[in-house]
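Same chain, two partners: subunit A is paired with subunit B first, then with subunit C.
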Partner chain A sequence: MPETRSYDNALKMAFPSIVQVGGTPHRAYSRFLVPKDLLSTITRYLHTQPDLRGRLTLLWASDHRPTREAYEIHYLFTLEASHHWVVLSIELADTDRLFPSITSHIHAAQWYEREIRDMFGLIPEGHPDLRRLVRHEHWPQGTHPLKKDFHWNHVLERQQGEYRFRHIEGEGVFEVPVGPIHAGIIEPGHFRFFVAGEPIMQLELRHFWKHRGVEKLFEQLTLIDAVLLAERVSGDTTVGHALAYCQAVETLLDIQVPRRAKYLRSLFLELERLYNHLGDIGAMCNDTAYSLAHAHCGRMKERVMQLNDRLVGSRFLRGVMQVGGVSWDVDRKELSNIAQELTDIQKDFSEVGAIIFANASLTDRLETTGVLTEQIAWDHAVMGVVGRASGRDCDLRRDRPFAAYDELPVNVALYRYGDVRARLRVRGDEIHESIRLIREICSRIPDGPLASEPSKLGTPGDWTLAAVEGWRGEILYMVMAGEDGRIQRCKVRDPSFVNWPAIQWAVLGNIIPDFPLINKSFNLSYAGNDL
Partner chain B sequence: MFLAIMLIVAQTAVLLAISPFLVGLIRKVKARLQLRRGASVLQPYADLAKLFQKQPLLSTTTSWIFTATPYIVFGSTLTAGLLVPTFTSQTPMNFAGNIIALVYLLALGTFFLILAGLDTGSVFGGMGSSREAIVASLAEPAMILAIFAIALTNGSTNVSTIVHKTALLEGIVTDPSPHLMALAALFIVALAETGRVPVDNPATHLELTMIHEAMLLEYSGRYLALLEWAAGLKLAVFLSLIANVFAPWGIATTVTPSAMGIGLLAYIVKTAALAIFIGVIECMFAKLRLFRVTDLLGVAFILALLGLLFFYILRS
Partner chain C sequence: MFRIIKKSLKIGVVTGRYQRAERPTIPVTPEATERSRLFKRSLAIREVDTGSCNACEMEMNALLNPVYDAERFGIHIAASPRHADALVVTGPVTINMEGALKDVYKQTPDPKIVIALGDCAINCGLFKGSYAVTGPVDRHVPVDMSISGCPPRPAEILAALSELREDDATAER
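This part shows the complex of A and B:
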């Protein structure tokens, strides 16, 4: 890849003191070891240089102490034009607990850095907001679960503590706490509004109520078994998470996935996208009290979920992914049934979609509500459905093809308004596109084996990255192999973790009764975020 | 005298009995239009029975207003209901007040409900109260103007007299346009006052979007039952008003058993038809943005005003 080389060389020319490492050809990224004091300059360069425009895609730390006295922190950037991945790594000696914060010039880093502080006890120096993020205040001082000397089943004591929200004071300014217990059947999240009358002046999120220690649990499992845990990170993204995890492990273990398995993986991923998008469109209409569309979308979602059940025995497509391929075949007769069923659903959806978009009262609610501008979307590295509704033209299925997408070109839905209606439209377009892709898969799927057997256990300390465009957006996994085929470290990143903070900007100036609608149009996962 | 008391008792019974049915009917219509089977139309009765048996819980921050409000709201709404003819045009309570009394009896209930929403100290109650105050203050003038337009054509502000005259087609000499304008205005007001789509969504679970439901959030047990029933009663009052003022056909104008029987049947059919119509509307429209509600009620006000103007223009 000469183009990639040129980016690497440009970076090395600009910063002679950085060292390129790794570089095995199938790892699709360039990696550089960076001196700690140069980190801010280099990240700023990567982020702002017009021909690079690096988007912070993942930021994670790992504790290497059993083998050597060090922590490592890694910064993954996706270059805007080439979609090339660049990893910058810094190393901290055991006694050194400070690392430079890049939040002041790359806003997307703010939650990652606070997360690292909570989970590892490393302090982002210069971070404007050092309140706890994941570790709520009742966790005792000095407990950092992802450190290697913290036992996974250690039961924490409770301590008293207070989280201070950012305050706005003034005449007629009211503070409205919402959650973490809500009236509907939804996951826990706390929203703190400051309002002057009905318009929202400020929203602050307080999440991480259902922290389950997912990343720590990964470290107790073997590379092969942990796919079951990955399936359960966020229940509605079973295939997305499992697939991203499997791809990372397959790179580590040098497994070639058979072509039929790749096609089936794409099939399951699209089915997942389909049922979630159908449900979301209905739910958005329901939040405007337009229950007719909700009922019909719910009916179509149910059809797809029943189809899932018939195909693989699970409405949520659980248990179909395995390292090396898939564990479940879909025979020729079923494939033609899928095509038939989806033709029906598409006809049905086109009709409901026409009703939805022709309804003036609904359009009035959706247009100009909850606008997320392209600039803010870029600043916070927003991607997925929300990003594409705000003019961020990114879709991993096209940009960094995985599974069978190298043979299945994807038309990416893109809208620029960034309002609730744009997010609805992106979902609508993607439903049609998913159905088209599934039909294509059904007609082009090759015969062959379903899975390749892993032949080795993986080199301890070896790590890699994998990304999948799930229905919400980019799902990233960093998996580091440990001793005896176990996992040394696994970093999970659901798109929700990145897109949640953007809601705080999208609601500004909107009125409080429109918040549930805006929130629903983002529809982010709490479980995938809280881990 | 005995007859009058019997009629009052009968009308009270009819209002209390029909109001949960109307609520259940709207829900059923919505369910059927969404291709759902839906709960039985009798479900609201079961809900009320269940709530009356439950232990009410009170927040420690509440005052006497909170516990008194359900009785005040229920009482004032029921009294307002007795001023509106249902199955017989000669309402026995018509000596007690005219249309203005009706409007302000309803306003009394709304006022206490707003206080109770604030009384709990919960954020959602306060938000519901402030929104209800906006809606109520805009709906009230539209409602009064609409009714005045009707009153002018009949020469009386007494609802009973208006209905009686209209039913017997006495004094209806002018063009029906004031009536049509007032009907449209009153229907919009009815949607707003009873918290239906597109003003409020009685089926929502989203506490941030609620108006009426937000004020009831802290209520439980028999207090909640009374308020739910009162909400149903309010719906029945508005539907009776619309049905009998604009389409009084079939209503009993004499006190004979057969006329009463026909009147009751006609009343049930008319209010049920209106409830079905509301159910259809709820399926066709999304809820308005909160600040668009003022526009809708502004339209109602203008319609009512036009009704008044038409009366004068057409008369001269």
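This part shows the complex of A and C:
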């Protein structure tokens, strides 16, 4: 791609001391080695230059001991106009444990850098907030699970400690702690509100209650077997995570996925999007006490999940992805049944939608509630459903097509107001679009094999990136091959990890009773965030 | 208004439109059945997630949709452990959630039943041995009943819960 090369050359012209490394053509990113002291300048340039506008998409570290006495830290940026990926890498050699923090000019780096500090013991110099993130206070000092000398089944001791929340003090200011166990059937997380009267002045999240050590567990598995674990990173995104993982491994092992498998992958991904969006719309209505809409949406969601169960024997579509393709075929008769059933559901949903949107009291609750402005969405690199409701026009299915999306153009839903209603509308539009795509898949799916067999084990130390637009947003996997077909390092990034901090801004000025509604309209995963 | 009524009439009753599940594979202890007799036809459940992948939560939520409608069997979800007869615990117990689980157990009034829902709660599943997981639920609080599956289907959860009220005439038709 000549266009890509021109970006790379511009970057090399601006910063002569950076070195471009290993770009095999099928790895769709350019990578540069950057001297540590230049990192801040280059990231600022990439992020702010009007013709580049790099959005920080992933930031991860890897421990290269004992092969090499070094840690590496990588910064992945997506360029706004071309959707090209640029990776900047720095190396901390020997006993160096400090790396420059970029949080002061790229807010999106904030949690990533704290995560690296917790998991690797590397210190982001100049980071404004060095409290623990993943490791709660009772973890002993010096425990950094992703270091290579930390054993995966190490039994942790306990110590005393207290997390210090940011405080607002003054007359009439109240502090409201909520969680980790909530009133509904939802996952654990802690929210700390400061209110003066009704409006929220500040919200602080305290997450990672569900940290299960997923990334360390990946390192105990082989490249082929770890699909099972990827499916269980976040249960409601079973297909999205498994697919992103499989794509990364397929690039590492040079596997060409058959076309039929690509279509089936898109089919399963859209079915997952469909049942989640249907459930979300119902749940948002429920949080305004509008139980009629909740009942209808719950019924339709159940219909799609039962359809999943009939198709593959799992309501969550578990066990259908495998490295090299899919492990389950859907025959012609079933495909036409799906198309028929979804046409019914679409009609059903349109009727329910007409009822929902004609309801003035619902509109009153949703409009101007929990506004996330486009500027804040950009600053925090927000994407997915939440981003598209705040005017961030990004969808990997269109921007960096994977599976069968290169042959299935997607119409991307986009709203600008950034309120709860916009997030509801994005989901509504995407339901129609998903059904359209599934019908398209059912009529265009080619015949052929379901999977290609892997023929090699992967070169130790070789790594790659893969991304999938799940129903929440961009799911990213970085997989590095190890010895004997094992995994050396696997970085998992659910869209929730990026979108959670943004909710702290969306709630400001709203009242606490609206928080459940705002939270539901984001509907982020705790499991995928906490890993 | 007419649109709403028309829609409701068109859809009709969807409750019960699911495939019935077999009796659960893991039997309930006699003590738990004995204890549950006290709750008669009503069972207030508090759900506690100690580190699941959230699929079990989704299926618990599905129990309340019009298709399964667990409330018709007197099963409802309490907002606080202090109002609960039974705790449903999902997921392997993570090191960060262990304290919260023990607190919830203490806050639930006696007599109570603890139900481990899903394979992770029963034996930690794929997360067994991880540094961040301190064991299955029964290592921390006594478990009376286990419902296996990854995740168990809502119909299976209903069938298992109706075991607690077997002598009851309203057991699932």
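Please note the rule applied: the second predicted complex is superposed on the first by the 530 of 531 C-alpha atoms of A that agree within 3 Å, B and C clash if a C-alpha of one lies under 4 Å from a C-alpha of the other, contacts with A are read in each partner's own complex, and residues count from 1 in each chain.
Rule of thumb we're sticking to: a residue touches a chain if its C-beta (ideal position, glycine included) is under 8 Å from a C-beta of that chain, and two chains touch if they have at least 3 such contacts.
Keep in mind it's a predicted model, so treat the numbers as computed, not measured.
Engineer: Pick one for A:10: touches subunit B only (first), subunit C only (second), both, or neither.
Structural biologist: neither
Engineer: Which of the two partners, first being subunit B and second being subunit C, lies in contact with A:299: first, second, both, or neither?
Structural biologist: Both partners, subunit B and subunit C.
Engineer: Looking at the overlay, does A:412 come into contact with subunit B only (first), subunit C only (second), both, or neither?
Structural biologist: Neither: A:412 stays clear of subunit B and subunit C.
Engineer: Output check: A:362 vs subunit B and subunit C. Expected answer is one of first, second, both, neither. What do you get?
Structural biologist: first
Engineer: Now for A:184: first (subunit B), second (subunit C), both, or neither, which partner does it touch?
Structural biologist: A:184 sits against subunit B and subunit C alike.
Engineer: Of subunit B and subunit C, which one touches more of subunit A's residues?
Structural biologist: Comparing touch counts on subunit A for subunit B and subunit C gives C.
Engineer: Between subunit B (first) and subunit C (second), which, if any, makes contact with A:198: first, second, both or neither?
Structural biologist: In the superposed model, A:198 contacts subunit B only, not subunit C.
Engineer: Regarding the shared-chain residue A:38, is it in contact with subunit B (first), subunit C (second), both, or neither?
Structural biologist: In the superposition, A:38 touches no partner, neither subunit B nor subunit C.
Engineer: Determine, under the contact definition given at the top, whether A:290 touches first (subunit B), second (subunit C), both, or neither.
Structural biologist: The first partner, subunit B, only.
Engineer: Shared contact residues on subunit A for subunit B and subunit C?
Structural biologist: Dual-contact residues (subunit A): 183-184, 292, 295-296, 299.
Engineer: Subunit A touches which residues of subunit B in the complex?
Structural biologist: 30, 33-36, 123, 126-127, 197-198, 201, 203-209, 282-292
Engineer: Once bound in the complex, which stretches of subunit A touch subunit B?
Structural biologist: 174, 176-178, 182-184, 198, 285, 287-292, 294-296, 299, 359, 361-362, 364-365, 511-516
Engineer: Please output the residues of subunit C touching subunit A within their complex, sorted ascending.
Structural biologist: Contact set of subunit C toward subunit A: 3-4, 7, 11, 14, 18, 47-62, 64-68, 77, 79-81, 91-92, 94-97, 99-100, 104, 125-127, 129-133, 150-151, 153.
Engineer: Taking the complex as given, what residues does subunit A use to touch subunit C?
Structural biologist: 136, 138-139, 145, 150-156, 180-181, 183-188, 208-213, 216-217, 228-229, 232-236, 238, 279, 292, 295-296, 298-299, 301-302, 305-306, 309, 315-316, 318, 348, 351-352, 354-355, 358, 525-527
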